[in-house]
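Shared between the two complexes below is chain A, which pairs with chain B and chain C, respectively.
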Partner chain A sequence: MSIVVNNITKEFGNFVALRDVSLEIPSGGLMALLGPSGSGKTTLLRIIAGLEVPNAGSIVIDGEDISTQSARDRSVGFVFQHYALFKHMSVFENVAFGLRVRPRTTRPAKSEIQDRVMTLLKLVQLEHMAHRYPSQLSGGQRQRVALSRALAVEPKVLLLDEPFGALDAKVRKELRRWLRRLHDELHVTSVFVTHDQEEALEVADQIVVMSQGRIEQVGSPEEVYHHPATPFVYHFLGDVNLFHVRYEDGAMVVTEHNGHSGNGHAKDAGVGFVRPHGFEITRLAESDKAIPARIVHINAAGPYVKLELAGEQGGLFQVSVTQETYKGLALKRSDDVFVTPREVRVFEHDYAI
Partner chain B sequence: MAHAHVNKRSAAIHESAIVRWLLTLAALGFLTLFLLVPLALVFAQGLAKGVVEYWNALKEPDAFSAIKLTLLAAGIAVPANLIFGIAAAWAIAKFQFAGKQLLVTLIDLPFTVSPVISGLIYVLLFGLQGWLGPWLDEHELQVIFAVPGIVLATVFVTFPFVARELIPLMEQQGTDEEEAAILLGASGLRTFFRVTLPNIKWGLLYGVILCNARAMGEFGAVSVVSGHIRGMTNTIPLHVEILYNEYNFAAAFACASLLAFLALITLVLKSVVEWRTQVEPNSKSAQQPDQIETEGLPV
Partner chain C sequence: MPLLMKRHSVLPGFGLAAGYTLLYLSLIVLIPLAAMALRAAQMPLGDIWKLLTDPRVLAACKLSFGASFAAAFLNMIFGLLVAWVLVRYSFPGKRIVDALVDLPFALPTAVAGIALTTLYAPNGWMGAALKPLGIKVAYTPLGVVVALTFIGLPFVVRTVQPVLEDLDREIEEAAASLGATRFQTFTRVLLPAVLPALLAGFGMAFARAIGEYGSVVFISGNMPMKTEILPLLIMTKLEQYDYVGATAIGVLMLVISFGLLFVINALQRWSGARAAAH
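For the complex of A and B:
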C-alpha cells in the first residue's frame, strides 16, 4: 500500500528537522531514506509511524489521510535500531504480543495465534528459538524476531529505523540481502532508514537522499550514484575529489583545488567532482590537462589499488586504479606521476564542504 | 615461574598483606563498635528482664496501639508514594515538558529539609493558629495531634524514595519498548502493565522497601505533629522515647527491638532484591547465543 508524504515540516524548538518534505512511496516498494545524522530521516520515519507529530503537512497511506490517527491505530510495522524486544517475554510471546492485545472481537483464537507466530518464526528461521528470551539471542537473531513481531499484525506498511545499525559488518551484509529477499516474497511496502550508502544502494529499489531536513534526490540506486542531482548527493554517495574548473577560450581547464571555493575569479565555473576511479594515471604528461602529483600512500589490498596523491599545491586526492595498471606502471611510493581527470561533474554553484 | 610473575604484578597494584589486614580490621572494628554492638544491645536490654516481660511490654495496650498506628501510617504512606512515585518517574523519564526540573527538585525537597521542619510546616498549615486551622476547627476536623497529621508527615518524609529509585532506571530503559507496544496496537494501560511494569519491578520493590523502612522508623516529623498522646497518637519510635524518658528501659528496648527487627528484615529483603536485579538479566542468558549468527539463512 502506497505512502504519500505531503509537505511535512517538523521543528524541535529552534531546530528544523524537516522542511516542507513531500514524497511518494509506491505500493510494494522498498525505499531507503539515506542521509547523515541530523538530516531528518529518522524523524520522517517516526512521523509516518505516528510517533512524532509534524508541525505541518499530512501523511496518506493507501489513499487514506491518517495524519490524525494515533500510532496505535495506524497499523504500521516498526523495527527499531536497538530491537526494542520485550526483555521479560520469550521470543514466542514477543511475536504474539500484537495479536494478544487486540480487542476480544478481533483477537484470533489461541490455536490460530500459535500457528501464526510459528509460521512467522519459520519465515525468519527462528522456530527453534521460540522459548528463548531476547538476552539469549545474538543481535542478528534479535532483529529477526523484531521483524517477525512487526509482521505479525499484518501491517499496511513496514518501517525500519536503521535496522542493521547495531550489528557487526558481516552479519549486517547477510541480513540485508536476506531482507531484500524477504521483501521480494512479501511485497509489503517498506521504508528503511540508513546512513550507510552501500546498504541503501544494495537493498533499496528507490533511494531518498536527505540532508538538513530536505530531500536532495529521489531515484533508483543507479540514478543517485551515476547521476547525482546535487553536490551533496555526489559527495555522500562514495568518495570524491574536488577540482577547480574554469573555462579558457571555451575549453574546460581543471586545476588543483586549493581548499577554498573559487569565488572572486570571474572565470571560475565552479567545483569539479571526480570519483577515485575517474582518473587516468600516467608517468609522463600526455596532454596539457594532466596534473602533476606525487604518490604518498598505496593500498594494494583488494580488487583495486587505492592511491593517495599529493598535488603541487598540497591538495590530496584519492585515485583508484586496476591491479593491471598498477603493475604495468610499477608504481611506488614517492613516485612523481600525472593524473588526468576523465569524468568531471561540474556543479556551477560554489560548494564548500 | 608463572606464579612468581603473577605475584610480582599483583604486588605492584596491591597493598602489602599487613596494610590490607589493618584496613580490614579497622573497617570491621568500626562496624562492630558503631553498628553491631548497639544492635545487640537493643535486644539484650529488651530481654534483660526475661522473655515474659519482653512480651508484656509489647502487648501492653499503649504499645499495641503504637504498633497499630505505625502500621496504619506506613500502610497509607507506602501505597500513596508508590502510586505517586511511579507517576512522577514515568512523567520525568519518558516525557519532555516545561517545569520538569522543578518537579525533580520538589521530589528531593523532603531529603533536603530537616524532618522536624517538615513537621512544623504541617503545624503551621493545619494547627489551630495555622492557615487552615480555623476552617478545620469549624468543621470539627483535627489534623494536628491526630492520626491524619501523622499520616501526612509520614507521606511527606517518604515522598522521594520510590520516585528517586525509578527515575534513573526508567531513563536508562528509554521509550523504545513502550513505543513498540503502542505500534503493535496496545493501549496505554496495557502497555504500562505488560511492558513498563515488568521492566521496573525490582527497582520498584527496592524503592518500596526503603520507603516502608523510613515510614515506620520516622521520628522527627511525626514527633512534631503527634502531640504524644499515649494510646492515641504515638507511633513506635515515639512510644520508645516516652518509655525511655520514664526510665522504663526494658519496655523501651523491647519496643525498639521491633524496629531493629524491621531494619534486619529490610536489609535481607534489600539484599535479595539487589541480588535479583543483578541476576535477572544474566539468569536468562545462561545459554550462550548461537555462535553462527545466520545459521540456516540461505544467502
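For the complex of A and C:
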C-alpha cells in the first residue's frame, strides 16, 4: 500500500530535523532513505510510524490520512536497529506478541496464532529456535526475529530503521540480500533507513537521498549513481575527486583543486567531479589536458588497483585502474605519471566538501 | 590441592579473594550468629518450645512478620511508582526529590519514630484528620506498618531505578507499533523486565522491616498481645536478664527470616532466569 508524505516539518528545539519534506512511496516498493547522520532520515521513518509527531504536514497510507492516529492504530511494522526484542519472552512469544495483545474480538484462535508464528519463523529460517530467548541468539538471528515479529500483525507497510547497522560486515551483506528476496516474495511496501550507500544501491528499488532535513534526489539506484542531481548526491554515493573547471575559448580546462572551495577566480565555472574510475593514466603527457601527479600509495588487492596520487599543488586524488593497466604500465610508488579525467561532471556553483 | 592450584583463571586472585570473603563473613556474620544459636541451645528443648508457643511471643511474631510483609508490599508498589517518576520525567526539583528518597536511610530511626508518632497521635496533624474517619494509626498495628513503610522505601526505589534507566525506550515503541495498549505494554513488557529488581527491593525492605526496632517502639505503644514486635520482646527479655530466652527468640527470627529471604531470592532468580542468562 502506498505511502504519501505531505510537507512534513519537524523541529527538535532549535534543530530542524525535517524541512517541508514531501515524498511518494509506491505500493509494493522497497525504498531506501539514504543520508548521513543528522539528515533526518530516521525522524521521517519514525513520523511515518507514529513514533514521532511532526510540527506540520500529513501522512497518508493507502489513501487514508493517518496523521492523527497513534502508533498502535496505524498497523505499521517497525524494525529497530537494536532489535528491541522483549528479553523475557521466547522467540515464539516475541513473534506472537502482536497477535496476543489484540482485543478478544479480533484476536485469532490459539491454534491459528501457533500456525501463523511457526509459518513466519520458517520464513526467516528460525523455526528450530522458537523456544530460545533473544539473549541466546546472534545479532543476525535477533534481527530476523524482530522482522518476523513486525510481519506477524500483517502490517500495511514495513519500516526498518538501519536494520543491519549493528551487525558485522559479512552478516550484513547476507541479510540484506535475504531481505531483498523476502521482499520479492511478500511485496509489502517497505522503507528502510541506511547511511550505507552500498546497501541502498544493492537492495532498494528506489533511493531517497537526504541531507540536512531535505530530500536531495529520488530515483532508481542507477539514476542516483550515474546521474546525481546535486553535488551532495555525487559526493555521498561513492568516492569522488574534485577539480577546478574553467572555460577558455569555449574549451573546458580542468585543473587541480587545491582543496579550498571558491578561491575567487572569475573564470571559475565551478567544480568538476570525477569518480576514481573516470581517469586515463599514462606515463607521458599525451595531451595538454593531462595533469601531472606522483603516486604516493598503491593498494593492489581486489579487482581494481587503487592509487593515491599527489598533484603538483599538493592535492590528493584517488584513481582506480584495472589490474591489466597497472601491470602494463608497471606502476610503482613514487612514479611520476599523468592523469586525464575522462568523465567530468560540472556543477555550476562551487561546492564545499 | 596441587590439582586445584593448576587451574589457572584469567581473573587472578580467586584464592585470596575467596579466603578473605570467608574470613570476613565468618567474623562479622557467622560467628555471632552461631554464638547466639549455641547460647539458645543451652535451654532444654521443652522450655524452648514452651517459650516459642507462648501466646505473647506468637502474637509478636505475627505482628512483626505481618506488618513487615505489608510494609514491603506497599513499598514495592509505591517505590516502583517513585522510581518510574524519577526515571521517566524531568521536572523542577527532581534532584531534591531524588535526595529525599534516601532520607530514611540517613535519619536515626528513633527520630523517625518520634516524628511519625507526633504526626499520627490522636492530637497530631494527621491523627486528628484521620480520627473523624474512624482510623487510628498511632498505637495500633497500622502505626507499625506506617513506620516500617517509611524506613523501607529507599530499598525498592534504589533497586528498581537503575533497571528502569537501562530499559530501552524502543521496547515500548515496539510494543506500541505492534498494537499493544499502554496497559498491555506495562503489564506484559515493562513489569516482567523490572520484576527481578522489584523482588530484590521487596526482599531488602522486608528484611530491614523485620529487624527494625527504633522507629516502631515509639509509634506502636508496645501493648503486649496487640502492638508488640519481636525485637521489642527480645529487649524486654534482656532487661529481665533472661538472656537465653532472648537468644531463643532471636534464633526463631533468624530461621524464619532466612527461610523467607531464601524464598524471595529464589523467586527473583526464577523471574530473572526467564529473561535468560546473559
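Here is the rule we use: the second predicted complex is superposed on the first by the 352 of 353 C-alpha atoms of A that agree within 3 Å, B and C clash if a C-alpha of one lies under 4 Å from a C-alpha of the other, contacts with A are read in each partner's own complex, and residues count from 1 in each chain.
Criterion: a contact is a pair of C-beta atoms (placed from the backbone, for glycine too) under 8 Å apart; a residue touches a chain by one contact, two chains touch by 3 or more.
Computed from a prediction, not measured in an experiment: that's the story for all the values here.
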**Asked** chain A superposed: clash or fit between chain B and chain C?
**Response** clash
**Request:** Based on the superposed arrangement, let me know which partner A:K306 touches: chain B (first), chain C (second), both, or neither?
**Result:** neither
**Message:** Just checking: does A:E174 make contact with chain B only, chain C only, both, or neither of them? Give me first, second, both or neither.
**Reply:** first
**chain A residues touched by each partner, larger count belonging to chain B or chain C** = B
**Message:** Quick check for you: in the superposed arrangement, does A:G140 touch first (chain B), second (chain C), both or neither?
**Reply:** first
**Message:** For A:R246 in the superposed arrangement: first (chain B), second (chain C), both or neither?
**Reply:** neither
**Request:** Using the superposition on chain A described above, determine whether A:G98 touches chain B (first), chain C (second), both, or neither.
**Result:** both
**Message:** Just to be sure I read the superposition right, which of the two partners does A:R19 touch: chain B = first, chain C = second, or both, or neither?
**Reply:** neither
**Message:** Going by the contact rule set out at the top, does A:A49 touch chain B (first), chain C (second), both, or neither?
**Reply:** both
**Message:** I'd like to check the shared interface: which positions of chain A are touched by both chain B and chain C across the two complexes?
**Reply:** 49-51, 70-78, 80, 82, 84-88, 97-98, 101-102, 133, 135-136, 149-150, 152-153
**Asked** Tell me, which parts of chain C touch chain A in their complex?
**Response** 168, 170-171, 173-181, 184, 188-189, 192-193, 274-278
**Item:** List of chain A residues in touch with chain C within their complex
**Value:** 49-51, 70-78, 80, 82, 84-89, 97-98, 101-102, 133-136, 146, 149-150, 152-153
**Asked** Within the complex, which stretch of chain B touches chain A?
**Response** 176-177, 179-187, 190, 194-195, 198-199, 281-282, 284-285, 287-290, 293-297, 299
**Prompt:** In the complex of these two chains, what residues of chain A are touching chain B?
**Reply:** 49-51, 70-78, 80, 82, 84-88, 97-98, 101-102, 125, 132-133, 135-141, 149-150, 152-153, 170-171, 174-175, 177-178
